[in-house]
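Next up: some structures, all given as structure tokens.
Each of the next two complexes has chain A plus one more chain, namely chain B in the first and chain C in the second.
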Partner chain A sequence: MSGQASGASTIGHELPVLSQPDTGAGERLDTRGAARKLLRLAVRKPLGTLGVAIIAALALVAVTAPIASRYAPDESFTRRNPGFDPTSTDYYRTDRNEFVLDAKSAPSMDHWLGTDDAGRDIWSRIVWGTRRSLGIGVAALAVSLTIGAALGIVSGYFGGLIDTVMQRFMDALQAFPALLILILAASAFELTLRNLVLALGFVGIAQVSRLVRGKVLSIRAMPFIEAGRVIGASDLRLMVFHILPNTAGTIIVVFTMGLGTVILAEASLSFLALTPPGVSWGQMLNSGRNFINSSPWQAVFSGLAITLAVLAFNLAGDALRDVLDPRLRV
Partner chain B sequence: MRQYFIHRLMLNVPVVFLVVTLVFLMGHARPDFAEQRAAQGLSSTQDYEAAIKAIRHELGTDRPLWEQYGVYLRDTFTGDFGTSFITHHSVTSELGDRLAPSVELGALQIAIALAISIPIGIISAVRQDSWMDYVLRLLAVVGLAIPSFFLGTLLLLFATKLAGWTPPLVPTAYRELWEDPAANLKMMLLPALAGGFAQAAVIMRLLRSELLDVLRQDYVRTAWSKGLAERAVVARHVLRNALGPVVTVLGLMIGILFGGNVVLESMFAIPGAGQFLVISLRQNDFPVVQGVVLIIATALVTTNLIVDLSYGWLDPRIRYGRAA
Partner chain C sequence: MLARSAAVAAGAAGLALVGCDSGGDGGGNGGGGGEATPTAVPQSEAAGTRGGVYRSFNFDALALDTFDPHQTQFGPMYSMHSAVFSKVLQYDDDANEVMSADLAAGMPEQPDELTYIVKLRQGVTFHNSERAQKNFPAVAGRELTAEDVKYSIERQSNPDSPQRALYYRAEHWKTIDKLEVVDAQTLKITTKTPTAPFLHYLADRNAHIVAKELVDANDTMNSDAAMIGTGPFYLADFKAVEYVKARRNPDWFARDDSPRGIGTGRPFLDGYDALWTPQSDSTQEAALLSRQVDATGFADESTTRRVLAEQGGLVLNESGTAGFLNSRMWMSERSPLKDFRLRKAIHLAVDRERIGQQMFPGAPGYKSYLVVGPVGYPIVRWAIPQNELEQRPGYRSTKEGRDEDIAEAKQLWEAGGGPDSFKAIFAGVPDYIPNKALPELKRQMQEVLGLTIEEEVDPTGYNAMAQAFLRNANDANEGTIPFSYGYDNGWIDLDDWVYPYFHTGGTKNSFLLSDATLDTKLEAQRAEFDAGRRREIGYEIQDYLLESVLARLDYCAPITRGLAWNYVRNSFSATWFGSNFLFANMWFDQSDASYSGRPA
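== the complex of A and B ==
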């Protein structure tokens, strides 16, 4: 468990871990062989495959948002007023308006997921929310991965005092519930997209550096690192060209699992209205609660979108971990 | 044991210190920010510059940063977490009134999580790879992905549509548990369920994998071959040895619950620390936000320490002398 920090004294006794069997990245087989291999993997990991498929669909929707959304996310729709009566002289009744706001309507062919309280198409807003969630998630993880991997490699490679100090610092970061750091950040900094991404990225550093460090500890004990040192490679060279590439599997797993976490955190923040304005799932869920009994569509569909995205990244992350780096099981 | 205790304690001192420093630095991320916010309440007839100066002097922010840091450290470690901009009461006393609902909600959630996850985890492990195992595992996977505020929303919807019952969603309806248990539990029910379900998924998955580990141990085979009933084997020999990691996770969970309950408390109008945090944030009451975060973080570090220690107590095989 991540709660058990291993101190400097255990590092020397770390058993060298046998290199994992090659997962196929190195061999260039004919495409049919590779396809068969992938298919076998898909059969062996059905849930992971489902996750990857959902991620692919979400990514497609996010990229093609202007087309996939069908309508602009802030376009208000109106509908013909069935009680329209041009002869009415009663100015206090809406019957004199030929069109009324098409608000809170149920799903239909025109509006696949219905409309919200301002007559806007919910499907369109979910689609644009996908783009925003995934965009923020990928950007934030890029921040956590860059800093976290660098810290993890340095910490694991040098060991000793550097390692101990860094790991204590990561302890401090992880002792904080992420949402509290984010709320603190929202109160201390301006609510801009850049600050949001930086804050979400910052929160993820501890986890990334921990997992990368663990991997580095086992890589460091392998003969090829020793060989590199014997022929005079510098520490920097060993870290960048020999250790970093070997953490790729870990990084892919951490990235996939981390995206689910970041998307959830972003949704929680936007649910609390602590994110910069824009179309987001959390904000839709929050405002949809106000009219959940008359028209549950907005709250339910935006909540399902969050759940589906988090589920997909969790499933894919679990499967990738089993395949790429089984030791990571936390 | 004592050596281990001191060792863990020493490890936690720098952690608390770093948390405090982090909060301090966050507070100074934008110069004059706190002062401007404090000055927002001033009437426009006052001399703005003079007012800012007075506030800065009062807050001590006209002094150099290291000096402020010193004062801040002294205040924090003597239990002075600052004064609210709005109510002018100390953060400690403001928070004191709001801890009970938060602690109650957290306790209910953990109770619900355990009540669901332990039987489910046992069934899933003992009947490994049966259809029931698959269904339960799938439920757990979905439970992990559902945000607690969405689950809360769904529960609210179901309660209204199916049971025709809506809990009161105004803070004034809240009564302490010892004043009016029925009114209290009415408001606690849905957020407790929403938070409990999510944590049940975490515990169930962990418990299942631990149980599967233990079920393959030699002494369990011995228990079976003695002819013990399944119930006796599982309850007396297996479960007890699988619970250790669950306790560790429970400790970590308290932190997660506190974080998640910020949202749930705001949603269900429970006047706890989480709701207080959000309200203060909306009112730009910066000292309160800082103070609450600090108090919660310190409480969590302490909880984790206690859990670490109890883990060793539950499983005597843990050698305390070993560097942890």
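== the complex of A and C ==
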């Protein structure tokens, strides 16, 4: 089943049959058929399905955070002190406090994942952290993909000197460890969410560009591109309407797998206190590690959230790569 | 209105806020925890067991501003300085303000209220270490004279110095009318007016005496190589955020003093290594139990309690910390906070107990903080007694008291036409400020006053805040309130707690406060030599600040706890950084069972 030959009805311009993405999605839309295909896919790729399910759950949690969180992420809880004794003269004990912070309490019905050292509900913080992690991840990848794909297409399409110069620049960019660049950026620029997104997006550009360029190198030699040139299509038109759609599979895989990487990078920066204030899994993990003995749930659950998200995106990305790459489908 | 230079000083003072949490120190070497004075031990016992390098985790290796002992306002730096340099006088017990002579041969003679005759010890020499000989051969081994004392004081009050804005003690020395070197060992100081805290000025944490040759042409000595003093230890190595290594000064002038009969030949230790706290309780616990360190504190109080219960041979050091959490870089003379009712409403709305519990989480049953008034609670000589403070509006934690405070706060906010929101700049470092303190303060203000604080977080710590302060200090009001939230240094004398902050011309008066009644009281305490009467004036000032001014918003100060092995004798803890000279009294009791297994 070749993607190039499948779509006879779309785009509607001079080259209707030549520019369908290599996804096999051009067949007649049949709900029952699609469902059956999805089911078959799910059976064939159980780990990928699990990844997608987790991603869907995380997305749902992120979208419904105000409801799903139960409490505000910064709300701290107190409880009556059973040892309250206003006549006590031991100021170094809590006896004189009628209320004490409900800090480091174990998971319970009131606090599903327990409370942290500041008496805040860990579940609510993880839920709000999901929103932040996914939001930052998607936004950063949008930056990486937009710029990286554009550069990759231009580089691969034109080749020659343009390709050489651009790829050497990408080589240089990739020579630096991403975390180092991010730490430098965090030190050099104001710590705002916008800057964080731009920095995370920037470090992903080289990889996206490389992968897209590789794909473009194979596409540009195909007959439909040649045909486009013959009938006078401009370079821009060929790149935007014919090459870009055919790199969609690659971009989807990069997006899925890259999201896990970006989430991990954001968590790393938060762990190092190099991100703007806000509820963040990395920051939770960092503050929780000091209480690993007396209240392990602080570090464990935030660490699990990071692990789960990264794992889910990697599983889904792996499966998508298998599905979308014709060579691996054989 | 404050002059710009004063505003600069107040802005720079923001840098003094110290970014350490409750863990990591308190193992018995300053920064809190334990007795303030060493315990006397028989001479023979100490003298027979000299040697060894004391190792502990703490914050001493944190070098954030400058090495210059007269310019730094950064608490941890005082620790190294206090081991390396000497002062005319020193504090044996800062909580009770007990002093003794250091470089001086005895306490200064005071023929009248304006005159101090300081007689220095004979034969005091600057460090003669290899490092000193290599870097400053002219200083190495040179004898200290009255000229050095005169220079050290005049340096800080020199109006022509390019560094004049950084000498935050300059205001102290302004009281001096004449500084006369009578002979190599005698200095006569005449003050313009009677100055009750003058002896404190000579004993204060950074009243160090330095050699002129160590100061460069730009009037700085911002280099670890220039850390050459006359103290009990010389600086062997300093690696920022890793360690401070100090070694025994065999020529120390006080080596044979034997205070309280502890023995001659001090320092008893070969030296000490102050290791940067790795901020990981597991690492610190492992290092302590294997005796790779002799003492440490923990971030988690529960760890302290557990290790103490599980492991024999350890001693708990526990004491109050004078360094305090507050908000002070704001302008009470600019709207909306110009209205006292609004300031009082905020004061009442703040739940200090909850802030303390959040910032300094304790072990079950144990607190790791106490709420503070204008003078920090460990400074018992001057502070409002804790039981009294905790009954005052704004400090009450019982449900009944808190409800009353909240009700009054709401009334005052409404009566004063309090805004629904205002913009405020907060310090962005250390990270627990934006991540813990700021959300909690915002939540409390929203809950009690319906006030939404639109925050701007200063990622640099205090630079943006200081700039905003300067812009607004010049009669402007851009509607943004620089709102510091962090540690301030723990002071000793009453004067330091109140005068610089609240006097019209005070160097830390970032409130733009000008209150004639308060100024009169502040000047009165400075002129009062009778200790009892001065204490009464101190209480009056604190009452007035809490009832009629409410400029600085004081929250709480940590209780520091740490563990040390029992073989560490004459362990000490002060209320704040800057007492490492007391390491000179410390020694290892090798006959103690806990010493077994300690690596060399």
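Brief remarks follow.
The working rule: the second predicted complex is superposed on the first by the 289 of 330 C-alpha atoms of A that agree within 3 Å, B and C clash if a C-alpha of one lies under 4 Å from a C-alpha of the other, contacts with A are read in each partner's own complex, and residues count from 1 in each chain.
Just so it is clear, contacts are C-beta pairs under 8 Å (C-beta built on N, C-alpha and C of every residue); 3 or more make two chains touch, one makes a residue touch a chain.
These numbers come from a predicted model, not from an experiment.
By the touch criterion stated above, A:N293 is placed in contact with chain B and with chain C alike. Touch criterion met: A:Q283 reaches chain C, while chain B stays clear of it. More chain A residues lie in contact with B than with the other chain of the pair chain B and chain C. In the superposition on chain A, contact is made by A:A172 with chain B only, not with chain C. Of the two partner chains, chain B is the only one touched by A:A267; chain C is not.
Contacts of A:T87 after superposition: neither chain B nor chain C is touched. Touch criterion met: A:V310 reaches chain B, while chain C stays clear of it.
By the touch criterion defined above, A:T31 reaches neither chain B nor chain C.
Of the residues of chain A, those at positions 190, 289, 292-293 touch chain B in one of the two structures and chain C in the other.
If you check the complex, the residues on chain A that touch chain C are 72, 74-76, 78, 83, 86, 89, 91-94, 96-101, 103-104, 117-119, 190-191, 273, 276-277, 283, 287, 289-294. Against chain A, in their complex, chain B makes its touches with residues 11, 14-16, 18-19, 22-23, 26-27, 29-30, 33, 141-142, 144-147, 149-150, 153-154, 156-157, 160-161, 245, 248-249, 251-252, 255-256, 258-260, 262-263, 266-267, 277-278, 281, 284, 286, 289-290, 293, 296-297, 300-301, 304, 307-308, 323-324. Taken together, the chain A residues at the contact with chain B in this complex read 1-7, 9-10, 47, 168-169, 171-172, 175-180, 183-190, 260, 264, 267-268, 271-272, 274, 285, 288-289, 292-293, 296, 299-300, 303-304, 306-308, 310-311, 314-315.
Touching chain A in their complex are the following residues of chain C: 23, 279-282, 299-300, 302-303, 306, 318, 353-354, 357-358, 361-363, 365-367, 370, 386-387, 390, 397-399, 428-432, 434-436, 438-440, 442-443, 457, 459, 559.
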